[in-house]
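These notes open a run of structures that come right after.
Each of the next two complexes has chain A plus one more chain, namely chain B in the first and chain C in the second.
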Partner chain A sequence: MTHTAAARPAARPSRAATRRGRRPGRRRERAWAYLMIAPTTIGLSVFYLWPIAQTFYDSFTSSGPFGGSTWAGTANYAALAQEPTVGQAVVNTFLYTAIQLAGIPLAVLVAALLNQKGLRGRSVYRVLYFLPVVTMPVAVAMLWRWMYDGNYGLVNYLLSTVGIHGPHWASDPDIALYSLAAIGLWMSLGYNMVIFLAGLQGVPTEFYEAARMDGAGPVRIFLRITVPMLSPNIFFVTILTVINSLQMFDLAYMMMSTPGSAAGAANPALPKVRSITYLFFQKAFIEHDIGFGAAVAFVLVGFIVLVTFVQFRLQKRWVHYV
Partner chain B sequence: MSETQPRSRAPRHLAQSVATHTVLIAGAVLMVGPFLWEVVTALKPFAETTQLPPTLLPHHWEWSNFSKVFESLPFGRMFLNTVLMTAGRTAAQVVFCAMAGYAFARMRFRGSALLFGLFLSVLMVPALVFLIPQYEIIQSLGWLNSLQGLIVPGMFSAFGTFLLRQFFMALPHDVEEAARLDGANPWQIFWRIALPLARPGLLALTILTALWSWNDLMYPLVINTDPQKMTLSAGLATLQGEHFTDYSVLMAGSLMATAPMIVAFVLLQRHFIQGIAFTGSKG
Partner chain C sequence: MNTRRTSGPAGRTGRRRAAALAAAAALALGAAGCAGGSTGGTTNGSGPVQLTYRIWDKSQQPAMQHIVDAFQAANPSVKVTVQLTANAEYWTKLQADATSGSAPDVFWMNGPNAQLYASNGILMPLSDKLAANHVSLSDYPQSLVNLYSYKGTQYGVPKDFDTVGLWYNKKLFDAAGVKYPDDTWTWQTLQDAARKLTDASKDQYGILAPPFGQENYYDTIFQAGGSVISADGTSSGFDQPAAVAGLKFWTDLVKSGASPSLKTMTDTFPSQLFESGKVAMYYGGSWDTLEFAKNPNLQGNVDVAVLPQGTKRAVAIHGLANVAYAKTKHPKEAAAFLAFLGSKQAAEIEAQEGGVIPAFNSTQQSWVNATPQFHLQSFLDEVPYAVTYPTSKNTSAWQSQEAVVFGPAWEGTTDVATAAQKMAGVMNAALSKEK
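Right after this comes the complex of A and B.
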């Protein structure tokens, strides 16, 4: 009461004095700031932050067969350390991620080729390489499932014309993860290439000319100029690739399971393909073991935070900001 | 010397150009080949897809694969749902993220660092983790199998807020300062001055949000189970359940579901590419 009474008269005269005095302007600005962040803050809190908190809480509970849950302490985390499917899922996820990282040099190379002075058809190539990026992942998975078909797929047909009897790419346990990773590379090449191409366009052409004058060949120019100049972009793409690959799900889900039936009931390659998010999905959505699933999810979050942190730590050693 | 230089260079230049195009064309075939195979398959009768050796072009052009998709799915309805979901999410997200991004970039308020850190933590968590609680929230709001259920959670984005904050931070201060001295309030400065300057950032977010919404799978699949309320990607997933091995129908459906985004991309390619390139430079 006294507070408002005191604030009112003080606010009035100062309104005219905003230009001189700072504090009331500040307060008004703060009010505007809260208004402007309000929609996003409320929305993210309700639909994202609250779910994170709830799932984190769930990871310390065990769910009964008919719903309802009881506090379980760290039992889920202890249990997942014992479960072999978890270890295998971690291996699968990191292997997939490593292969996706190997795609980055490929994208740099394509961008460097496209960036050559006077190259004809640059924009056509750019569009063609970019097409998979704008294609629905569901459709991509379906298309590759068909391409990979052991009997009638195009891949095996093409191999058979040179006398190779191809395997069942999507259901052979020793191969399926690599087949999946190949699709991941196919889908992300265009995206990464566009980012690198933009980065390359910021490199002054004098750098290349000077190097050429010194007699440097294309390989040397690529390694000594292109790569260091692109290092901030490479860093960005690496961070993004790691986060996305560690969370890989849609592709595995569409390749491995028939929607509508139990996940992966049919595919013998599932154990060797199952990513951490897939395991979460299977535990939480199919087996209704939400507590265990949540624990699996937070182990993944731990990995993501850790790997991203390490990358930011290491960036000083190799990223050159101009 | 000056005569030999160009002459010895020309063939080398030509050789290099041939090598470049050979590599790039080989790559392009790998990138586009699967799509061509998709089109060819969509036009074959089922029997022809399981024929060895496969036919390169359909012997018999089977247009009915497309009508089979219409029989299995309320395709027009799903298309409309997807358009509305994409438009609703994108419009709201761009406005809300711009507001929040500007506030984080330019305005001082208590708790701003903590709040921003919390927002960023959302980016570290797999989307799947949100799904069960989101389902429960949508259910308690009575929004299952509704358009608002599809749209509302997608109206807010930690990524978009981050992206636009980075962009606003890179803008010069002086114009805004001048407007402030002229007595404009923070909203007017944001809306009339900062927002028009931020057009490239807004464009980038628009394109990325539209693309991700159009292609979003798990959330729509879980929230709306009524085919009349489904999106195209969810519809496609159910089509796979129905025509599990009939790839001619599946390819026809895929083609129909992906074509609008591909057409949009080809028409607006410059904006798409600038938008994506932009996210890479501001990361």
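Right after this comes the complex of A and C.
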């Protein structure tokens, strides 16, 4: 760092001198700029970049629960390919992500409805939809656990009033993932809605007036004007949803754990709900196999990078920036 | 989410100037200050020696504080701070602290983690320190002492213990005309009673049969003459016929409808189902005493007996220990405090206010007397034939798999013997990695 700092002023003194006059002023300004970004840069390096590098290194080691690692080459990745739970975890994670993506059109629709001028109690609706976003996931999961209880839950009670005998929503292996995804949809709807509402404010009203003059109905206006104009927001929300959903952990952890006993102790649905991040947690922190856990984490990073890259490549086809 | 967009500023770090560096230094110092402050165990000049004592059970905090007060009264030169870390994050935090070299001086340890911490050099070896501090291991049940010994060295002083008893609802027994459980009961008596006490029309069950280790199948595996882990700790006992019999005891109860389904017991925790008064019998720990004593619905309706016997009498016993950090700055004071925690005086305080059975022999009667409405003597009567809770160097690597592997057997989709065979395979693979 010191040698580059020494070399720089010599390399470009003239430009600084001609543009801004005296160099010391510019220099002080720059020092201030660095001072200002220092907290973020340091925070980012200490809490993100360094751990990422460390995790990447760990994935090639066989490390004990208290550090002290030995180089293991690609043994963790080879073991990962053999591990039977990995495949199911990938399937679970992508299925969950697909369901979350299906929630985006819903959020667009809700936002468009809530944006209507004549709607009464608009702000009340907005608050209600946004409330789950600012509620602690742990509290949300505990509440839903209680509602999903197969024998005494609210959901099955309501179903029983119309004569339906509901299943065990959170402990039936064939259903639990969908129950979980429903909570995920409910939790993210409000956040996505706010982004779409903001996007709708930016759509010029002339477009709508012109469309109405041409005789377009509300559905046609929604599909031909609202959706294309919102496409940058939809793109943004899609990217976020994919990244967040692929990393899903807290919901599964809370829903699968048994109060008063070890995490995920006895829920028969766990193998069909366990996400990649859950598997990472289990391997690294319950089974104390840090190296294997790190390898799982990097497989997830690989998926996220790949999917996000594809999304950016595809955006030219459908995202319209005004 | 935040992993993107980091390449921009990173490319320019070379231009950082003195001011930025100064800010960095200030931040780093601040961070170091925080770390130092939270770990404790520091001496400030000639003042008293500071020790940190970390525990996870909030309900035991007052009792622990009283023990600390008594210790400080006798040792004015030592100051002990009780540090409560919630159960959910206790092990994650302790692991991180031990890795970074800043674990508390003295802390609670449980069976599944004991060998993990001892084998990695985190725990202070106590063998020579015990005699010097007048601690005699013969004052504690042998099965508990064993739990905290690794390769012939003692690493923990037993703090408390728990065994499992047969809790039963007298009201349901009276209504069905079934005699209350006592020490003559066998597996057969229990199965017959469970059937008689089940009434599907009233949504009433005879027993709860969840797939829990200590409370359920470990006990019955031991009662069938089997084991969970071999005596030398290198192989699984799940594939032995006795273990299969111990597991089948429970799956049969679920299959016959005498117990609620696994899904129901997952949605609602078994002890809650028992407390709702709809289930007649429940294999519950001595730790359930406080909760049951507090529940007004159970007043006068609930009692506890020793577990029914299989081919022999057995019960799993587990208990906590107090341990010291190998790298503590004050090994002498930590060992003295540890000895005090293991003393009769500390055990008496624990028995009266802690709600757990103290490990120190001859003090357990106070625990029994503290809740006279239940026949708590049952839990102590089981100690002579109690079997040490099965552990290995990395217990949770295989133990966390048990419920997942056994789940299908409980649901009736897999044969019990097949599930037991599979579990033995998983466990043996995990054990082979421990070397």
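We adopt the following convention: the second predicted complex is superposed on the first by the 282 of 322 C-alpha atoms of A that agree within 3 Å, B and C clash if a C-alpha of one lies under 4 Å from a C-alpha of the other, contacts with A are read in each partner's own complex, and residues count from 1 in each chain.
Here is the rule we go by: a contact is a pair of C-beta atoms (placed from the backbone, for glycine too) under 8 Å apart; a residue touches a chain by one contact, two chains touch by 3 or more.
Owing to the predicted nature of the structure, the values given are computational and were not obtained by experimental measurement.
After overlaying the two complexes on the shared chain, residue contacts for A:Y152 are found with chain B and with chain C alike. Of the two partner chains placed by the overlay, neither chain B nor chain C lies in contact with A:E83.
Legend: residue contacts after superposition of the two complexes on their common chain; A:D172 is shown touching chain C, with no touch to chain B. In the superposition on chain A, A:T41 contacts both chain B and chain C. In the superposed model, A:R30 makes contact with both chain B and chain C.
Once the two complexes are overlaid on the shared chain, A:A198 sits against chain B while remaining clear of chain C. Shared-chain residue A:W50: touches chain B; no touch with chain C. Counting the residues of chain A touched by each of chain B and chain C gives the higher count for B.
In the superposition on chain A, contact is made by A:I243 with both chain B and chain C. Under the contact criterion defined above, the residues of chain A that touch both chain B in one complex and chain C in the other are 30, 32, 34-35, 37, 39-41, 44, 48-49, 52, 149, 151-152, 240, 243, 247, 258-261, 285, 301, 304, 308.
For chain B in complex with chain A, the touching residues are 16-17, 20-21, 23-24, 27-28, 30-32, 34-35, 37-38, 41, 49-54, 96-97, 99-100, 102-104, 107-110, 112, 115, 118-119, 121-134, 137, 152-153, 155-158, 161, 181, 185-187, 190, 211, 214-215, 217-218, 221, 232-233, 236-238, 240-241, 244, 247, 250-251, 254-255, 257-258, 261-262, 264-266, 269, 272-273, 276-281, 283.
Of all residues in chain C, only 1-4, 6, 9-10, 13-20, 23-24, 27, 92, 95, 98-99, 116, 120, 122, 210-212, 262-269, 271, 394, 396-397, 399-400, 403-404, 407-408, 410-411, 430, 433 touch chain A in the complex they form.
If you check the complex, the residues on chain A that touch chain C are 1, 4-5, 8, 27, 30-32, 34-35, 37-42, 44, 48-49, 52, 64-68, 145, 148-153, 168, 170-172, 240, 243-244, 247, 258-271, 282, 285-289, 301, 304, 308. Touching chain B in their complex are the following residues of chain A: 19, 26, 28-30, 32-37, 39-41, 43-44, 46-52, 54-55, 110, 113-114, 116, 119-121, 123, 125-139, 142-144, 146-147, 149, 151-152, 154, 157, 160, 186, 189-191, 194-199, 218, 233, 236-237, 239-240, 243, 247, 249-250, 253-254, 258-261, 277, 280-281, 284-285, 290, 294, 297, 300-301, 304-305, 308.
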